[in-house]
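You will see chain A twice below: alongside chain B first, and alongside chain C after that.
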Partner chain A sequence: MSLKFTFRNKRISGILTVLPKQEIKFEDEMAQYNFPPAKSLKLKLAMGYNKHRIVEAGTNVSDLCVYGIDYLLNEGLLEKDDISALLLVTQSPEHFLPPTSNIIQGKLELGTDVLCMDINQGCAGFIIGLLQAYMLLEQESIKKVLLLNADVLSRKISKRDRNSNPLAGDAATITVVERSLEPTTIQSVLNMDGKGAYVLQIPAGGFKLPSSPETAEMKEDENGNFRSLDHLVMKGDEVFNFVQKEVPPMIEELLAISGKKADDIDFYFFHQPNKFMLNKLADKIGVSREKMPANIVENFGNASGATVPLAVSYNLGADALASTYEVCFAGFGVGLTWAAIQQKLEKFQFNHIIYY
Partner chain B sequence: MDELFGQLVEIFEVESLDPNDHLVDLDMWDSLTQLSIIALAEENYGITISAAELRDAKTIGGVISLFENKQKS
Partner chain C sequence: MRQQIIEILAELRPEFDFCQDVDFIEAGMLDSFDVVMLVTALDEKFGISIDGMDVLPENFSSIEQIENLLTKNGVK
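Right, the complex of A and B next:
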């Protein structure tokens, strides 16, 4: 049974996605892999790889976030004085200290009455971040929370790793969270299992194993991928088994709490590791694939916690300004963490993608 | 297990398989094929197998035994 949360009278009032301008096609990277092209093309088809967006060298999380928030301020979609908190969910912080959210606050010249917090979460980062935002909004002093899901993890992925490189994606999303204009109920369920902490990891670069010439040494794994201890490594089979086993019962539990049937939900915006895994999830939960968009990895790559809000920006676009939807958000992965939220999306003030 | 045998023939994209066939000698043996077998186990047989267990099975016959043992336990 999951840890449960209930919130009332809160809403998301807009999502802005900032994507890197640089777009790379799967075919253009095939020569980097230690596999025959025919086999790589088969992988492309099965997993739904096509193109992905990667930052240029030297671009950091704060660059993407500041660019996006400045855009909202300049377009009149956000007032500086309304920002009470910057919640940055990232696993590509610029330093161990200071927090990157403080760097963003400084660059934007926000007032000192702003809470800045970095949250170290990945695949489930949108859910964890929303939970924190809703908790903060229980305080009367909090006006709007900016939930920033931003990662540039492509910089920690080996270009010769066919396991991870084709789905590498960088992005920042800015989700404005505030009080609702109408009575609403938001339900959430959450699970974590640190026994699986090393299923997804970057082994070196922290205090336990600092980066060194030894950790930068490229080695071949049993499947023919090359990476070093400085690179992200993922046990794909364990992730697959974990997701198929844990996520469907969690969604069932959430819908039971919400008092909704699977078909009452207009959209299931789930974290997107690849199309293969997501389509299997849709089948297992028993919802049509149309209700569970799986088009993020093929167009942009997997930008960790940003995939869910990016899926909202990309699939709903301006429709979210005119219509309301019952949605289910879910994230699952690094931690291990798996969590989901069921809520109504009220009419947004903005919902689009810009390029950095 | 005839059904599983047929499913493996499909996954490996071959005309036929022999229980003595070594996995590493088969053209299609790679991480995607492993994932396809793992997904088949999960969806059609309700069992969880890992990539390491598949590699350790070594042969087609070994994979079939792995499925049988998992279903028993």
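Right, the complex of A and C next:
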């Protein structure tokens, strides 16, 4: 059984995705890996390795977010005075303190009556952030919440780690969340299991194990990948099994609460760790692969919590300005966390991708 | 079915003899990424979708185990 949430009269009014200009092709990195090229090419098809976008050295989360919010302000798609909160979901903060959301507020010269909050979440970060945004909008003083899902975790992934590097992606998404005039109902379910907290982690760099020359030492794992304790590491098998076990029943539970059948949903926008995992989920849940787009990793990489809103930007594009959709959002991964939202997407005011 | 499985395995890891009586996982003949590629190939070859919950190393440790998995998915 999941923790359940119900919200009414809330909506997403637009999504802007900011992607790095730097695009790298899988073939150009194959020589870095400790595997025969022929084998890597076969894996490319199964996992959706193709190309990914990562930031240049020195680019941080606040750079991407400020660039995107400035764009919205300059294009007349957002008014400064309407911003009541900046919710930044990231696992690549610029410092332990201050919060990166405060840095963004300062760079944008927003008023002091803006709530800034950093949320340490990853793969389920869009869902967790939306829940927070919807909760804030229960307060009359809140006009619009900017949900920022932004990560530059490519900087924490070993270039010689074929498990993770081909899938690494950096991105920021800006989702504007506000009240709706329509009598909408949003349903959500959430689960967390800290017993699996170390299945996905960056071992060093925090207070428990500060970075040092020792933690930076590169070592080969049992699969032939090289990484250090400063790099992101995941137990891929355990993550895969956790997702296949927990996500389908969670979606079944959510649809039952929403009073909808699987086919009533126009799109399932799920977090995209890799193509294989997502296709298996689609088959298990019993929806067509057209309804569950799996094209983000192969085109942009896995940018953690940004993959879901990026999937909306990429797959719906300008259609989201003219049409409405019943959707199911789901995120699953680090924490361990698995959560989902079922809601209607009303017509957006904007929904596109820009490049930094 | 057996011959088709052996052909797929041989294409995947041509350096190994999959006709020998060993545990493919323990012997290091298949790693987790090989299993991903093997599942993809079996799905395509037999027109099935192996359940994600069954993508466990022990289900791919021998020809017999793979045959059992395919039988469970309706392959004759």
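Just so we're on the same page, the second predicted complex is superposed on the first by the 356 of 356 C-alpha atoms of A that agree within 3 Å, B and C clash if a C-alpha of one lies under 4 Å from a C-alpha of the other, contacts with A are read in each partner's own complex, and residues count from 1 in each chain.
We adopt the following convention: a contact is a pair of C-beta atoms (placed from the backbone, for glycine too) under 8 Å apart; a residue touches a chain by one contact, two chains touch by 3 or more.
None of these values were measured; they are calculated from a predicted model.
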item: Which of chain B and chain C A:Lys260 touches, first, second, both or neither; value: neither
item: Chain B versus chain C as contact partner of A:Gly236, first or second or both or neither; value: both
item: Partner chain(s) touched by A:Leu281 [first = chain B, second = chain C, both, neither]; value: second
item: Which of chain B and chain C A:Lys107 touches, first, second, both or neither; value: neither
item: Partner chain(s) touched by A:Gln244 [first = chain B, second = chain C, both, neither]; value: both
item: Touching partner for A:Arg289 - first (chain B), second (chain C), both, neither; value: neither
item: Doubly contacted residues of chain A, that is, touched by chain B and again by chain C; value: 42-43, 46-47, 163, 223, 236-237, 240-241, 244-245, 276, 280, 284
item: Chain A contact footprint on chain B (complex, rising order); value: 28, 30-32, 34-36, 38-39, 42-43, 48, 50-52, 55
item: Chain C-touching residues of chain A, taken from the complex the two chains share; value: 42-43, 45-47, 163, 223, 236-237, 240-241, 243-245, 276-277, 280-281, 283-284
item: For the chain A and chain B complex, residues of the former touching the latter; value: 35, 39, 42-43, 46-47, 162-163, 222-224, 235-238, 240-241, 244-245, 276, 280, 284
item: Residues of chain C defined as touching chain A within the complex; value: 12, 31-33, 36-37, 39-40, 49, 51-53, 55-57
